[in-house]
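Some structures to go through are shown next.
Next come two complexes built around chain A: one with chain B, the other with chain C.
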Partner chain A sequence: MSEASEYVKKTKPHVPGEVGIWVFILGDMVIFGLFFIVFIYNRGLNSDVYFQSQATLNQNYGAINTLFLLASSWFVAMGVDDMRRKVVRLAPLFFTLAMLCGLGFGVVKIIEYREKISAGITLTTNDFYMYYYIFTGLHFLHVLIGMGVLVFLWLKARAAVQRSADTSITKKENEKENEMMLIESGASYWHMVDLLWIVLFPLLYLMK
Partner chain B sequence: MMHQLLKPVSATWLFLMLATSLSWWLGQDQAFSSDISSDYRIVSSGLMLIAFIKARIVIRYFMEVREAPLALKLVCDTWLVLVCGAIIYLYWFGSAVSAI
Partner chain C sequence: MNTKAQLFCAWCGVSFLILFTLGWWFIAGYIPPMSPAMSANEVAAFYQENTGLIRLGIVITMFSAALSAPWVAVIAVQLKRIEGDFPALTYALLVAGAVGVVVLVVPPMVWTTAAFRPERDPELIMLLNDFGWLFFVMTFSPFFIQNLVIGLAIFSDKASSPVFPRWVGYFNVWVAILLIPGGLITFFKIGPFAWDGILAFWLPLLVFFGWFLVMFPLLLKAIKQQVLLVESE
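Up next, the complex of A and B:
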């Protein structure tokens, strides 16, 4: 990249992804924000029940899953960065690693749910567990959708590598821009999934 | 591979991992062992503050909002401040609010 184009990239404001995906992301953030506020308000009304129930959660699961999602987000950011290059090489590897981290999150989550359910703890046990299952369940749904998004990013990255290797396939500049927009949209969604868990972790597992 | 690790997003990721480890440690019982009831509330508020600082870093560096138009930056920061502020406020004074 020439110095001039790099300068433009750094100074010109740029929305990462489609405007539509940002409306969705911000809407989702507002809904989860309200969830967090409702939870902490109700916690104050009946803190003993929340305190005792929280003590039965395994903080290690929450922390390991935070690390999984952070690593996954990092791999996605590296993958997007690689997709912006003229010659794409490592993006498919980065998106695969991101998927593996997402899978790791899912495995830990299922182990955690199984432990709780086999101990007889369900949605109806008390208010704390109701919120615990609803919030983490909805978040898990976001992770599952996100895994589909990561598969899409991986397919796009693989096609870009093939294009880089075969110079006879060329894409028009505006086609490339549109494709990058899709990649950024998917990546922004996945980062939001990470972001929501970053708040859920201390809220459910750590705050006394 | 080495130059991949020297990128700003990699430094961001390392910082986020360290902040998570700090929260993990702070969340253990020894950090909450004090008898003074206000102490664990300060630790809990600190944990929430760390979480929202991490969230802002994710928004700025991973979601690349640092390069976005001012309006998007402001919307994201407003969300962070309002939600974090409301959580910490209700955590300290929630029962007093309900008594009104």
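Up next, the complex of A and C:
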């Protein structure tokens, strides 16, 4: 391919993944957006309870989890980038690291829930904790689904590494494109999980 | 191939929406939903003051609920085209859809039981009222599975001209997840996650109704496509 056509190819607008995943991602973000508006509105009505409860949250856990998800997103991006190369080598490693970060997030979340529940704080304690448990719980559900998605990415990456090593296994160009589309869809989903947390964290833990 | 039966079934879905809204909302007056924080006397007053309308509205609501059966059936027929000989997801849809009809029929029957003798002890009326609402709003599980398996079946469609576009698969999974907040109403009497709340009631209700409106034209298109395929063979 000449340099000029390479350039043209790169500047062509590219939507990562398949169009359908964006129906899901944007739909999901609209819903979480609605959740956040309801939260902020009710917080405005009764801010004392919210401030007092917010002060009892452990910001360190939230911050560590933010780092975990940001790192995992970076690993996923690196993994996808590696998958685009002719010879795939490091993608399975990147996806494994992303999974470990996801796992770390889950462990911290469970420790945090345990601390709160053993202190007698539950879903029905007050409005703030209602939102805290439901929002972080629904987000945690997204993380669990995301872990399944990461396993899928890892399997695809491992198969790609094997193909790179063994040239007798060939894949048609359109199949490759199709596979890349699935991988980008999965990665986009994981980035959304990350993004939702990046909004949730300041909203619940930090916002004054 | 009988297209007419399929079209009839698809229209049943729309009829369900119209009749359910008419009976439950406009005649029986269950929307906007009453607050779970209402006292027994307030609840009893609702049944005592609107007895006739509730009875009439509920007959229509109860009838309309079963119209969702043919609707689920025609979706199943189209999913079967994707799945072929061993249609596990299609069967899952049928079973979940059948349970879904029960979930739509039973709450109106419980409410009409409350309206049957409105002069009885307000505590008992409240019990029936609670039972109806909890059953109706909280039981998201069959609908969750219903929409999830539709999504999964659409994802498995490898045909060059698929029955449904792939985004419809994502849409169905999205709807499935949105029904989940209904499961939280057991914890709350007030707020957005109570049975009259914006996030546990209004959002799932609008999404569920919207799902019919999105799926309807897509079903008509899929049936049309099936006709063309059969003719070209």
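One rule holds in what follows: the second predicted complex is superposed on the first by the 200 of 208 C-alpha atoms of A that agree within 3 Å, B and C clash if a C-alpha of one lies under 4 Å from a C-alpha of the other, contacts with A are read in each partner's own complex, and residues count from 1 in each chain.
Note that contacts are C-beta pairs under 8 Å (C-beta built on N, C-alpha and C of every residue); 3 or more make two chains touch, one makes a residue touch a chain.
These figures come from a predicted structure and were not determined experimentally.
K.L.:
With everything superposed onto chain A, say whether chain B and chain C fit together or clash.
P.N.:
Fit: chain B and chain C sit side by side once superposed on chain A.
K.L.:
In the superposed arrangement, does A:I31 touch chain B (first), chain C (second), both or neither?
P.N.:
second
K.L.:
Which partner does A:L123 reach: the first (chain B), the second (chain C), both, or neither?
P.N.:
It touches chain C, and chain B stays clear.
K.L.:
On the superposed three-chain arrangement, identify whether chain B or chain C touches more chain A residues.
P.N.:
If we count touched residues of chain A for both partners, the winner is B.
K.L.:
When the two structures are overlaid on chain A, which partner does A:A77 contact: first (chain B), second (chain C), both, or neither?
P.N.:
Touch partner of A:A77: chain B, not chain C.
K.L.:
Counting only touches as set out at the top, which of chain B and chain C does A:G20 meet: first, second, both, neither?
P.N.:
second
K.L.:
Where does A:Y113 make contact in the superposed view: on chain B (first), on chain C (second), on both, or on neither?
P.N.:
neither
K.L.:
First (chain B), second (chain C), both or neither: which does A:I198 touch?
P.N.:
Once the two structures are laid over each other on A, A:I198 reaches chain B alone.
K.L.:
Once the two complexes are aligned on their shared chain, state how close chain B comes to chain C by Cα atoms, in whole Å.
P.N.:
15
K.L.:
Let me check the overlay on chain A: which residues of chain A are in contact with chain B and also with chain C?
P.N.:
The overlap between the chain B and chain C interfaces on chain A is empty, containing no residue.
K.L.:
Within their complex, state which residues of chain B touch chain A.
P.N.:
4, 7, 9-10, 12-13, 16-17, 20-21, 23-24, 26-28, 32, 40-41, 43-44, 47-48, 50-52, 54-55, 58-59, 61-65, 67-70, 72, 75-76, 79, 82-83, 86-87, 90-91, 94-95, 97-98
K.L.:
In the complex of these two chains, what residues of chain A are touching chain B?
P.N.:
Spelled out, the residues of chain A in touch with chain B are 10, 13-16, 22, 26, 29-30, 33, 36-37, 40-41, 43-45, 47, 59, 63, 66-67, 70-71, 73-74, 76-78, 81, 90, 184, 187-188, 191-192, 194-195, 198-199, 201-203, 205-208.
K.L.:
Along chain A, where are the residues that touch chain C in the complex?
P.N.:
18-21, 23-24, 27-28, 31, 34-35, 38, 42, 123-124, 127, 130, 134, 138, 141
K.L.:
Which of the residues in chain C come into contact with chain A in the complex?
P.N.:
Per the touch definition, chain C meets chain A at residues 165-171, 173-174, 177-178, 180-181, 184, 187-188, 191-193, 198-199, 203.
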